[in-house]
Each structure stands twice: as structure tokens, then as C-alpha cells.
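Both of the next two complexes hold chain A, though its partner changes from chain B to chain C.
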Partner chain A sequence: MSENQEKPKKRTRREFIQDLGIVGIGTLIGGSAIFAGVNYDKRKKAAERVKVLTAENEVMEVEKSELAKSAKPALENLTYLQQQGREGMAGKRFVMIIDLSKCRNARKCMAACNEAHHLRPEQHHINVLKMQDSANTPAYYMPKPCQHCDNPPCTAVCPVDATFKRQDGIVLIDNERCIGCRFCIAACPYSARVFNWAEPIHSLEDEGKVYNVELNVPQKKGTISKCLFSADRVREGKLPYCVSACPNGVYYFGDENEDAVTNGTTKETVRFRKLLEDNGGYTLMPELGTHPRVYYLPPKGKEYPFQEKDKEEARERLHNS
Partner chain B sequence: MTKQSKTDKITSDLLRPIRLNWSFKIWFGFLGLALLVCLGAYGLQLKNGLSVTGLGDYVSWGMYLSNFVFFVATSLIGMLISAVLGLSGQKWAAPLARIAEIIALAFAAVAGLVIVMDMGRPERLLNVFIHGRVQSPILWDVTVITIYMVISALFLYIPLIPDLKICSEKLDVPPFLKKIYKILSLNWEGTIEQKKMIQQSTRVIAIFIIPVALAIHTVTSWLFANTMRVGWDSTIFGPYFVTGAFVSGTAAVIIAMYVFRKNYKLEEYITEKLFDMIGKLMVLVSLIYLYFNLNEYMVPGFKMKEMEAILIRDLFSGNHAILFWSVQLLGLVVPIILLLFKKMRKPLPMLVIGFMVLLGAWFKRYIIVVPTMEHPFLPIQNVPQSWKIYTPTLIEILVTLAPMIMVLMIITILAKVIPIVSVSETLEHLESVEQAEGELKK
Partner chain C sequence: MYNRNFKIVALAVVSVFFLQTFAQNNWNVPADKKAKNSYIKFDAASAGQGEAIYNKNCASCHGNPGKGNVQKTLNPIPPDLSSIGTQSLTDGELFYILSSGRGLMPNFKSMLSDEERWKVISYIRSFNKGYVQTLSKFDPNKAKLIKVSTNYDRKTAQVKVDVKVNEKSGIVALKNAEIGLFVTRYFGKLQIQKNQLTNADGQTVFDFPKDIPGDKTGTVELVVKLNDENYGEIESSTKLQLGVPTDKPALTDKRAIWGTLAKAPFWIILLYLAGVFAFGAVLLYLIFALNKIRKSGSNKPQ
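So, the complex of A and B:
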């Protein structure tokens, strides 16, 4: 009894194959119709002919289909530059070593950086600070770029992924996406980020330039800017702007994977880990767990005296605490 | 007085303010003009960038962010009065529910705008939705504030439905307005079934709004606590902000109570007894907040870790000392002491105290945001002097005032189109009182 009732609901195999056949043939017919249509369209287009001017200044008539769209050079394509800037360079892990015993506050690094990234004089991707840690320890100069942390607090708080960490260790920002909330400034313990409070200083001459994420030029009003480890120069195999500009041999830059860093002044290449080991290298505020990619060598046996006029500024903090 | 005449009196008393009179027009015109001036200032900011403010690369969050925290804080009062007190059976607070909800809705609705006014690129706001990253606390804030706004609107609207029906019947307004009231009242007939529906849905919202309200201010506190900065890097920031929110919200309600009572002549409905009770509530929430303040400043103050010591010295005896102590004493300690006396829990003294607390609450947010930004881990050098110590500009102050004016406008409008004390609930209350009296007589 129950079998009889259920039977009509079930489809027999024969019915199923029948249906399958109908669907199959329908698809074939439909598909071939679309195929024919597309082919017809192509032929129609091919028949269209256009006049072009040759290099010899002669007018020629060619089929439209023979014209190839000239691809925009990659370097002028914003989307391409954004993508390249986000991905970074495969197989690289960039590092910087700053030798505090050599810094005499020449500030050539700051000038070169400001020029390259079209910054106002008070905007510092890299800032040479006058430091003194306690009353009896000596004062010293400390260049402070972005630390390109491996655990960056700034990228974690960005609501729109405008700042990001690349596979080669560099932390960049995309000022075409930045909404200007400045949460990253609040989050950065190294005060490494700057903001374009006003119209950028070179905004007139930069007008129309295609934005390069790896240079952060043109700067844009209402967006963040920061040290980029000169990602554009590094891509060309060159040293960063600040590193090359230093007259005192303060900076080493290189690749952790290759275990080699090059001094920007002497152009001498040395072992990265050995340099740190031999000189007691350290990172800034390791207790914060940010894992900086910028290392410091202590101001041991300073080659240059600390300027008398800078002493008060260096001690300012000590008075406060 | 017969029962009918009593009902009529209540209805006409509570509906009387719903009409356009001169004082409303003058007040609203004044608000409108003031808003125009402030929006003009914002126009300048849009044109010239945030450089028109006193902000710099070090103090990059200033008045606007403090204002945002204040707005989110004050909006929490709807949850405290209508939900917490309502659910715990504190019947005395019922006449305040609508005022509290209107304040909550107004502040929550404008809080979003405050944060947009702080953005360097407000035209890219949509990026938050297009490219939003779940790990950023800003995303959490956007989500919960939107939810809270919607729930607050419902919390205001659903208990309002019976009143809308009364409005459509009793108000002396043009027919098209009557029609709008009628449509909004969703065919309210006052049947037992409908009453039950409203009761149930209000209860569900009341329960649901508590975690959401806790979330909005906890998440707002995390904008700070989730950074490593000295003064923000604190695990008690969530409850510290939430309890502080109750203080500023209660102050806002006290001020609104006084203003409506006086202007709308509602002395019989917003009674002195009500002021007395809300005064006691104020003491309670302020004491809790004081306790969190003690924790927040005493613990680091005892240890005096290097960087924290710099900040604590700045607050206790440095640049911000006057503001810090004014906020703590005049905005918190003195009001607590004053409100312990019954004489002070009268309308006029409470108005003054309410203003003290509300002002203190605003500057408290400033004291939380600005000094911390002035003291980063590394020294501030090679930048203009104005970046080391933050001074807000006139434009910045005007832009900060704009959202406050908007809140006042929203409250003013809402209080002009709906009864500020629930008519239907007052009538119900009357009925239950009479019933009880009747039973006593028997």
C-alpha cells in the first residue's frame, strides 16, 4: 500500500534520462547560437576600416581589428603601482643598522629625505634626536626613522588597510586610500608618522603625477606619510636616500636573508649579524614587542663630541621626570 | 475632581508644549544661525585642511576626539535610565524615560558626525565599508554605534506609539500633521493584545540595549587602551569609560529635566521628588566613577615608572594641573558632597550642579586624550613649538560646537513634536493609583 503511494513521486530512470537528453540538446542548440552570434559580430567588426597616419606621414587605411591598444607604461599606472607597492620584493628582508657612535648631527639624511618625499621642513620621516638616558650617561644623537616593525601596531589599527606590512619587511602607506583618521599616529610608539595637515609643499608641481606608493609622492593633504625605507630606490638596487646622503658612515642598509648590509658612506658591505654581535647591537624599546627592523649600535667611543648647545634639549626629559 | 477631568488635565498638560510659539522660533533661529557659523568654520577646515586646528604630528588627536568620546558617553544614559532602572523595577524613573531616550538618540546620532569632522579625508568615508578591516577598533566602533542608534530609535518609538495616537486625536494641528501622527501610531487601538505587544517588545529592547550600550563605550575606550601610549595603556579603560558615561549622561538628563519642567510648566509631572531621586542616582554613579579615577591615577602614581611619572607630574602639578584638579574636584568630588544634602537635591541647585558635572565631563575627556599625546615615548624635537603643547584654535572650537548645536536642535525638535513625558504611561499610573486608593477605601 505505502509503496504504491510513494511510487508516483519518484522518477524512474527512464524519465530522468529523457530529461537529461532534453536539457543536453537545449544547451547544445543555445550554445551554438551564441557562438554563431559572437563570430558574426567579430567578422562585422573586422570589416570596419580606419585611417591612420604612418611614421612617414602618409595616410593609410587598415582594418580596425589590426589596431592593438598600446599598453600604458607600467610606471604610469596607478593600480599597477599600488599592487607592486603592496606586494613588495620577494625573498628580501630589509634591515637598517644605525651606528650611534658615528652620528654628529649633520642632518644630511633629514634633508635628503625631505627632498625625495616632498615634505615640509617640519615633517620628519627621519628625525635626528638629541638623547640622554639618565643623569650620568652621556648625551648622543639618535637618527630615528620608522622602525618597520615586524609586529607593527600602526597597521593593526588602520580601519581601511591603507597602511600595511610587505613581504620584504617594509611598512608602507597608500595615500590614495587613507581616510586621515590618524589612529596609526596614536598607535605608533616611535612617533614615526607624520600627517599632511595642510596642502603639501610641492602640490602645484606634483599635480598630475601618478602616485607611487613606494615613494609616497605626490603627498596628499589630509593623509599620512611616513618613512618608506626608500622602497623605490631599493627596488632599483640602490641604497635609501638617507643612507646615501650620510657623510659620517652612520647607516648600514641591506638584506637580512643575505646577512649583508652596506654602509651608505663607505659603500663597504659587511655581515649583518656579525656587525650587531661585535658592537652590541640593539633595538628601540624591545619591551613593547614591536620587533623593529631598525637596529642600533650603541654610542660607544663617540667619534664626535656632543654639541654644547644641544645638551639642554637632550636633558629636557630628565628634568621632567 | 472626577476621573475624566483628571485624565483631560493630564493629557492637555502634557500635550500643551506641542505647538510652535515665539520662544521656540527664536531659540531655534538662534541655534540655526550658530550652526551656520560653525559649519562655516568647518568649511574653512575642508578647504585648508586640518592645519586650521591646533593639532600637529604629536598631538594629532585633540578636541574633536575628546568631543567624540563625550558624545558617545552621554548617549549611554538612555540605557541606564530606561533599561537598567526600568528592568530593575525602579518605577520612579519612568517619567524620565523619554527624556533620557531623546538625549541618547540625539547624542548617538551626532557622534558619528563628530568623528567625520576629525577625518583628514571625510570624502573617503565609504572606504571604511569598502576596504574595512575587522581588526581595527574603528570598525568595531562604527558597527556598535550604528546598532545602538537604531535600537535607541526603536526604544524611543515603540513606547511612544500610544502617545502618537493620543496626539492624532487631541492635538490642535493641521489635518496633514494629524494624519502623520495617525500613520505613525500604527493603528493603535489600546487593545489588551496591543498593550501586551508593546510591553513585550519594550522589554526585549531594554534587555538587548544593555550589552550594546556597554559595547559602544567599551570599544570607544579601546581606541585608546589598545595603543601602547602612557596614560592610555590601561586594562580598566572599559569600565572606567562606562562609569564616566553614566555621570555625564545623568548630568545631561538633570539639565534637560530642569529646562523642560520650567519651559513646559510640567512641575506636576517632573516633580521635586524626581529631582531628589535623580540626585541620589548622581551620587551613586559619581562615587563609582571616583573609585575608577582613584585606580587610574593612584596606581601609576605610586609606582612612578619613568614615562608615566612624566605624565602624572604634568597632570598633578604641571601644565594641565589646573584643568585636571578642576575636573576632579569641581566636576566630581564637590558635586558628590553637595548632593548628599537634601537641600541641594532641589531643581535649581541641581541645575547648577548638573552644569558643573557636564562641563567637568567634557574636560575630563580632554584630560584623557591630550596630555597623553603630548608625552610620547621619544622626545619631541625639531618641530614647531606649537606642536609640543596643544592649543586649540578658534576654528577648532567652533567646529567642536557644531555637533553640540545639532544635538540641541534634535532634542528641541523632538520635544516639540512628541510629549516629553509619556501621556499614556502617566494615565496608566493614575489609574493604578486610583485603583489602589479604591481598594483601600473598601
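So, the complex of A and C:
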């Protein structure tokens, strides 16, 4: 068998150089053809003119090649908002002080909050509770937002990293990541979270809006929503919705690093630690080690009566506790 | 007929007098503040602007003037501002009440500017048909002539404010001007000490606390608010290095169990990885063992 087989023909150097030459010239011709094609295409595109609408609502005609995208597409915007929302504001540590001696259940904070975050009337980021601590102590009104804990149990249990703490202390929820498992509701000792069981109240008008993680709008059915310390307002240097809506001077909001809090009603700024020290400030359920960023001043020297109609609810709360 | 008219007039006079004294007793407005007049003309334009401010800040308690929808659950019940009790007060008294507040009535000093407060009063006055305004001679353009300089003395920890006026007659010191010293914070201005009056040299000195946090380098923005009868309200700010340098780490810097995956504690990451590896190792071992059994079965001599 092996005798019939021809010996493999060995290529001479001459043949090799010949082949190389063919390949080389071929590449050159092909390359220049492609180059010419691309150039031709470019020129062709340059001739195309398109109509654009300017910000001043004027229709202009420009060459297509000169167009550059300036507005970000929705998805890019979302990613940007999510990233910005996740990072928070450097150098800040936001705190809230709630003066219980001034609250008279006006519920303006709740109304402003529900409107800003497109919540149903029964959903509360902030809720004014009717409290009674023991049979002989007086009843009082207690607004209760998310406590924005420095050791938040809710973010620890989230399986998808949807709820998170930011460097400025605010705890947020990203509805784009939330899978609706509601572990965080179970973990939160302050019952600060709400779930969108039903279709959100403004879901039709909100359709197509880019989701802002700092505002929780648009709300999404089947996801969690919670108090955000109005992260979008705070970014602009404005006080949160609830704080500025209060007509009774209940809320102070500020930056712990600056040792200053500003009253939402009078807009007066006072020193944060001094206010707590002078009035015996405290946090809710300190024994849990959650380290809340919301502080309370006791309901001492109230200037309003606790409403008779609310007493039943306060008693009920006492009874159930 | 005459008798009846007289009775009505007498009743009106008595009630006005009574309400006026009642209101005065209530608020104790200093005489100089009582005589203060607005430099803004109370017309339809200023009343319209005042209405917007009123609806935002006042209506929740005082209701709409003349409508009687005041918040009756409050103690004391806030007055309807179109009432004779309120309208019998002078502009200066209204301005003082609005600026200082008391009890449930918040003060609007920090919330509304002088101009905005006068506009609210303009709105309130629009419900009084018989009201005739006395305009103040104050000229707001004169504020431009004022020059405020602020210096910090590190030794005594004092901030010295110096006010000069560039009048036609030359530069003179402004005395008896009310000066407030503030530090700019993220949401508002923090007042340092109470307002003070400048002395004959146009100077005043504030003790500056040593524990005011500044930025990374300790820089804080000082704001001097000047209020003078003749020159109006002036605000000037300077940046000085007199605060405590503050550079607190981000709250998410530490690894914590509530942190994101990137910030999870090492022991959790290690424990988790160890678990995954252990599980995988057991699986691999089982496969090998099963394979061994199969091999030993097929190698059996038939």
C-alpha cells in the first residue's frame, strides 16, 4: 500500500513566495475596496437630512451625520437614577427629630407624603399614631416614619439587594429589583414598610415615567414602598415633604455632621445635640440595637388637648400591647 | 331714632376699644414696633401675592378671611383675620405678631422675608374697606450703600462685625443697626447668639462657639443679617476657617451584615463559600464512589 502512495510534494521556496504575493495583493485590494465602500457610505449618509424638533419647539432640518444624541434614553436614565440613589450624598448623615409636644394630629404630613409618593390613602410612609403607654399616663399623638436605622434589619434580610442603606444614612427600596417577597416587612420592628397589594393609585398617569428610586414613583404593584426621607428633595437642599407640610412645628430635619436641624414650620435652625439634650430626646425601641436616625422629644407641656374621639384607639393600642 | 343710632355707635366704639385693649394686652407689642409702617404699597398686586403666601402658611389655622373656617379645635381659637379685633391693630403690630409668634402661632421670621410678611398684611388689609395705609418713608434702594465686614479673632474666639455706610457726605459708621450672626447649614441658617445692636463705631462682637462643625478644612460660611430702619434688610456672607474640621466616614463604609454583597462581612463570605465547596465535594465524592462500584461490577469475571 505504501508503495502506491506518492510522496507528498514538497513546496519550493519559489512557490511559497509566489503564494505569499498573491495573498498579500489580494488583501490589499480587498482592504481598499472595503475602505472605499465605507467612505462611500459615509458620504451617502452625510447627504441625508433629517427633521428635528428643538427645545424651543421649532422644526429644523440638519444633516444626519451632524446629529448627536443629547437626551439619555430611558434605560440609561434609570440606571443613572438608580446609581445616584444607591450611593447617596457624600459627607451627610441625615437625622429627623419629632417633637411630640407639638403634634396635634393635623395629619398634613401624611397627606403631603401620600401625594408626593403616589400612595393609596390606606398606605402610610408616615403615620400619626394615637399612643398611650400605660393606664395612668396621658395619651399623645406620635408621627412614625421609617426610622432609617444605622443597623437596619430590613436590608439584612433582602434576598435580592433591593433595599439598601446609603452613605448618608437613608434606607431606600429599589422597586426595579424588588421581587415582592416581603421579608423586609417581617424584619422591620417599626412596621415602617407598605406593600403594593393593589394597582397603585396613579398607575395610569405614571405609565412610561422613568422610575426614580429616590421618590418611589411610579409605584409598582407587587413591590414594597417605604419612607425615603424624601431623598429627592433632600438632594436639592429642601426639607422633606412631611417636614415642610407640618403646620405645628413638629418636625426638625438636618445633618448630624453639621450638628444642625431645621424646623419645617418656622424654618428655624437649631443645634441638633443641644435640642436633644435640652428636651430629653430618645429613640424608639433602642433595646433592639437598630440605632434609628429618627429621634423623639417627649410629649411634655402639650399645648393642645388629646381629642376625646381618639382616646378609644389609644386605649385599644395599650390593651393590645 | 337718634337714640338707636347713638346706641349702635356707642356699642361699636366700646367693642373696638375693648378688642383693641384685649389684643394689646395679649401681645405686648413694643411702642417702636407698633408704629412701624410698610414700605410696600398695599394694593391689589401686593395683596394677590400675599394671598398665595397666606394660603400656604396661614390658612391651615386661620382659615380664609371672612369665611369663618378657622381651626376651632385649637386653644386659643385662632381669630378670623378679617375680624374687627385683627383689623383694629396697627400694621406694625400685625408685623410684630407675624414675626415673633407665640404659643401655637409659629414665628415667621425665618420663613418669610420682610417683604413677604408685608404682602401677607396687605392681603389681610384687603378685607378692610375703610383702611387707609400710611407708607413708610423707607427707601429699599439705600441698602446698596451699606458695607459689612466680618472678621474672626482666633485668640478671643470672637467674630467682629463692622458696618459702614457710603453716604454722600463720606463713609460713616452705622450705629444702632440690628445685627444677627448666622452659620450656613444644609437646610437653613443657624443663629449664633441673639441679635445685637452696633455701637457708635458701627461695630459689634459675637462670641463664636468652638464646636461648630465646618467642612473638611473647618471652613464655615458666616452670614451677617443686618436690619436697620433707614437701610432695610441686608445679608452678607463670608467664608472663614473657624469651625471644627469634619470628615466623618460614610455610614456604609464598614462591612456589615446589612450591607450589600460588596460590603458583606468576610466571615459570611467565607462561611458561604466553605458551605458551597463542602457540598460540592460531597457530591463529587459520591459520584466517584458510585463510579467505583460500577467499575468493580463490570470487571467481575464471568
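Things to note:
One rule holds for everything that comes next: the second predicted complex is superposed on the first by the 244 of 321 C-alpha atoms of A that agree within 3 Å, B and C clash if a C-alpha of one lies under 4 Å from a C-alpha of the other, contacts with A are read in each partner's own complex, and residues count from 1 in each chain.
Here is the rule we go by: contacts are C-beta pairs under 8 Å (C-beta built on N, C-alpha and C of every residue); 3 or more make two chains touch, one makes a residue touch a chain.
What you see is a predicted model; the values in this text were computed from it and never measured.
Once the two complexes are laid over each other on the shared chain, residue contacts for A:Cys178 go to chain B alone; chain C is not touched.
By the document's definition of touching, neither partner reaches A:Ala139: not chain B, not chain C.
In the overlay built on the shared chain, the residue A:Cys109 is in contact with neither chain B nor chain C.
With both structures placed on the common chain, the touch criterion links A:Asn196 to chain B but leaves chain C unconnected.
By the touch criterion stated above, A:Leu129 is placed in contact with chain B alone, chain C being left untouched.
In the superposition on chain A, A:Asn248 makes contact with chain C only, while chain B stays out of contact range.
In the superposition on chain A, A:Leu276 makes contact with neither chain B nor chain C. In the superposed model, A:Leu215 lies in contact with neither chain B nor chain C. By the touch criterion defined above, A:Leu100 reaches neither chain B nor chain C.
Counting contacts by the rule stated earlier, residues 153, 156, 161 of chain A appear in both its interface with chain B and its interface with chain C. Interface residues of chain A facing chain B in the complex, by the touch rule stated above, are 110, 122-124, 127-131, 144, 153, 156-162, 177-183, 185-187, 189-191, 193-199, 221-223, 285, 288, 313, 316-317, 320-321. Put simply, chain C touches chain A in their complex at residues 60-61, 73-75, 101, 103-104, 106-111, 183, 185-191, 211-213, 215, 246-248, 250-253, 256-261.
The touching residues of chain B, when paired with chain A in their complex, are 48-51, 53, 55-58, 60-61, 115, 118-122, 124-125, 127-128, 130-133, 135-139, 142, 223-224, 226-229, 306-307, 309-310, 313-314, 373, 376-384, 387. Of all residues in chain A, only 88, 90-93, 104, 106, 108, 150-156, 161, 164-169, 237-239, 247-249, 253-255, 257-262, 265-271, 303-305, 307 touch chain C in the complex they form.
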